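The same chain A turns up in both complexes below, where it pairs with chain B and then with chain C.
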Partner chain A sequence: MRAVGRWLGERWITIGSPLTVLVLWEWASATGLLRAVFFPRPSTIAGHLRDLAMDGTLWGHAATTLVRIGWSFSLAAILGVAIGLAMGLWRRLREGLDPVFAVIYPIPSVLFLPLVSFLVPPGEIALVVTTAVTSFFLIAFTTTHGVRQIDRLVVEAARHYGARGWRLFAAVLLPGALPFIFTGLRLGLGFALIVVVAVEIVSASRGLGALLWLSWQVLKVEDMYATFFVIALLGALLSYGLAALRARLLPWVPDAGDR
Partner chain B sequence: MGVAVPTAVLVLWEIFSRLGIVSPRYFPAPTTVAWTLADRLVAGDLAGDLLVTLTRLALAFALAALPAVPLGLLMGIARPVRDLVEPYLAFVFPVPKITLLPFLLIILGVGEPAFVLTGASSAFFQIVISTLAGVQTMDPRLVEVGRNYGAHGPRLFWKVILPAALPAIFTGLRLGLGLSLVTLVAVEFVAAKSGLGHLVYRHWQMLSTPEMYAAFALVGALGLVLTRGLRALQARVLTWQEDIGV
Partner chain C sequence: MALDRISLQAHAGEFLCIVGPSGSGKSTLLRVLAGLHRQSAGDVHIQADRPGTPLTAMVFQEHALLPWRTVRDNVTFGLENRGVGRAEREARAREMLAMVGLARFAQHYPHQLSGGMKQRVGIARALANDPEVLLMDEPLAALDAQTRTIMQEELLRIWATLGKTVVYVTHSLEEALLLGDRVVLLTARPGRVSQIYPVDLGRPRALEVRASPAYGALLEKIWSRLREEVVRAMEADRGVDPEAIGG
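Let's look at the complex of A and B:
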């Protein structure tokens, strides 16, 4: 009980401020101080959120988005780790691909949608591949860096003790690069969410991004807020959940992506 | 070696497209694209749209950086401010900022303010978080040494805390600028009627692929110049910083 009290004593501002804002918002839009058309009361939004959840609309869209994130992330992770490792191990490959990556990487991922839709069947597949692009680069970059930052002494020592080929890779290089690979995967998953929502806003008729955009087009403002809340929740879950997972799985290294 | 792979890709693309092995309708030859790019930059809409995007980017970046750096610093040195602001940062930071667009569109109406503010929001959160991290991760010994030598209040801030946080602030600004470009182009793609993002969208819809690739290449070049240029600037200005990171 005392622990709870102390925790509250330390966090009261952090917890109190959003609550105060919500209460003020509720009051201001109930009295007309805020225009309820643009800023509907939080209780109304909560009601709409419940309705969307009850009739299944929300789950359908959320499931679509999650499935897309799953496919995109798997695609980006498999290719990104493989190519990243290869680039870390072979200098020639790295020098060849670096300039290509440097040019492609800063291009906003949404712009790849037209290009991708020429390459693969448009629709679901194009959407998934477009979403995978940015995550792929992030994962490949961090993996390459992970291999390159391994202490050369460790590699030399392993060589002297007779580790070669697959053994060298599995026993020395992969574990050495693992923290960076994990950071890359975490960043990649975060970006997959960001990009998938953007791509859904641009082109899809299903998914959370599409739900948000369609709600705007028919001016269902309460549904917009409700959808935004769900997207934010998903984002928090992905980024903080994964950070916690890393802290548990790889506690001996600081997260290379923390800043 | 550095140029070999890109050159090879472009040459192969050229040959395949000319021979019709890949459809020139969807994959026009690089020389065709380059010609279109040069032609449209001089005579057509491309230069105008580039200027529109650049103007939006500059506005968005300024609108984000001016409040974000002081806020980040304040959060770093004053615990109550950090406690007050942190829940909102934590809630909004992981959200794709383009989702703010529809809200700004209904509040401000369809137009430049909504586009620019959406672009600004993505830079804003990144800059606040980097700045805050810069203050929080600075070596506490620096502050103690400063104190021991009699630096307090504003002097401590200007002489010790700010220089120590400067590399992180610069990193935040650099990342913020990149993020705002990404968000702005996406905003142009869905909602605006001008700018490079819109150009790619329009030419995609009309299937005028040489123009589409030309606009696409221009966005890529812009991103490359911004990221590379700022990294070089950072390495030059902040020489006491060891590693710039990603």
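Let's look at the complex of A and C:
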């Protein structure tokens, strides 16, 4: 009981601020200050969320989106870390790829969908590849930087104590880059969710993005908000999950309050 | 050119201190000895009595520990790279960590240690490799004054226990007189050997030596010479760039 009390004592702002917003929203919609057609009361939305969960609609769409994120993120992570490491280690490769990446990276990911559809089978695969593009760049950038920022003195000391070749990579360069790789993975996972929803809105009939867009088009505003909420929750869970994984796997990184 | 015609010989088991003004190439000399820096001319000879152990092991000024390795795994790093077996590595780490007073911190990570403790790990790491010559590049320069004093006593104790040959670079003349058997004074850029002073202050030596008249006389004698070199170095800097005085 005291532990719960202390936990509440430390986190009351974190818990209280979204609650305050919800209470204000509820009040504004109930009194007509907000038009309930566009801003239904949160309690009404919660009811719709429950219905969507009960009849299975929500789980089907959520599962579809999660599977897509899983494939996209895996693709982006494997290629991003591998190419990022290579760019960090070899200057020539970095100089060659940097300008190409700089040009492609800022293009909104959804615009790649038609292009990707020419290159790979359209449909599910094109969707997964498109979603992976932005995440790949983020992960590759941070990984490259992770290798580059390793303290030269530490590398020199490691060489002085006999680390060469593969051993230098595995015992020094890779662990030295890992905190940045994790940051890249966390950003990449977040963007995978953002982009997959966007791509689902423009091109899919299933998935949370599709559900959200469909709800809006038939003016089932409560369902739209319910989906909104689920997407937000999913993003928070994925991000916190990776942060927790990082804390477990990288015990040497001082806790900078980064949760 | 950082160094010019350096000719130096350290005896086995000697504690040799190198002092000189900033930019006299003290650190460069040490890096040449460590094989971290290739000299443009000249040779380094180190007599190796025991095959299989490295010739030199360096204690770096900024400790340069691997942040992702525990204290123990930092100490065993060199042994690991040479393929020494696990049991022997861990026994050696235990021994060296006990020697520097960090036995209880074997499983800590560097970021959990204070500056003085990190430098102790750096010393244990170097000693674990059992080098012919221990090289130390201003190892206490980054520590606060009190920690530095404690560490100087520790160094004297460890050196007395192990009897290693040590080449020790410092900018502190007081430290050189407290620790060294001989003090080598380098000139301002390019670094040449200006003078070599034997430190006849007896052994074992402790902090109290600083109160003795012989210490004061020797300090005065070396300082008057070092002072000239420091002033010369500052004037040379001024010649290059009038803005950068006293840097």
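In this section, the second predicted complex is superposed on the first by the 205 of 259 C-alpha atoms of A that agree within 3 Å, B and C clash if a C-alpha of one lies under 4 Å from a C-alpha of the other, contacts with A are read in each partner's own complex, and residues count from 1 in each chain.
One rule holds in what follows: a contact is a pair of C-beta atoms (placed from the backbone, for glycine too) under 8 Å apart; a residue touches a chain by one contact, two chains touch by 3 or more.
Because the structure is a prediction, the values reported are computed rather than measured.
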| item | value |
| --- | --- |
| Three-chain arrangement built on chain A, chain B and chain C clash or fit | fit |
| Which superposed partner A:23 touches (first chain B, second chain C, both, neither) | neither |
| Touched partner set for A:172, first chain B, second chain C, both or neither | second |
| Degrees between the directions from chain A toward chain B and toward chain C, using C-alpha centres, nearest 10 | 90 |
| Comparing the two partners chain B and chain C, which touches a greater set of residues in chain A | B |
| Touched partner set for A:161, first chain B, second chain C, both or neither | second |
| Chain B versus chain C as contact partner of A:153, first or second or both or neither | second |
| Which of chain B and chain C A:33 touches, first, second, both or neither | neither |
| First, second, both or neither for A:194, with chain B first and chain C second | first |
| Per-pair minimum CA distance [chain C against chain B, superposed on A] in Å | 20 |
| Complex contacts: residues of chain A adjacent to chain C | 151, 153-154, 156-164, 167, 171-172, 175-176, 178, 250-252, 254 |
| Chain A-touching residues of chain C, taken from the complex the two chains share | 34-36, 54, 57-58, 60, 62, 64-69, 77-78, 80-82, 109-111, 125, 129 |
| Residue numbers on chain A that touch chain B, as the complex places them | 11, 13-15, 17-18, 37-38, 92, 95-100, 102-111, 113-115, 118, 141-142, 145, 190, 193-195, 197-198, 201-202, 209, 212-213, 215-216, 219, 221, 224, 228, 231-232, 235-236, 238-240, 258-259 |
| List of chain B residues in touch with chain A within their complex | 1-6, 9, 26-27, 80, 83-84, 86-88, 90-96, 98-99, 101-103, 105-107, 129-130, 133, 137, 168, 171, 178, 181-183, 185-186, 189-190, 197, 200-201, 204, 212, 216, 219-220, 223-224, 226-228, 245-246 |
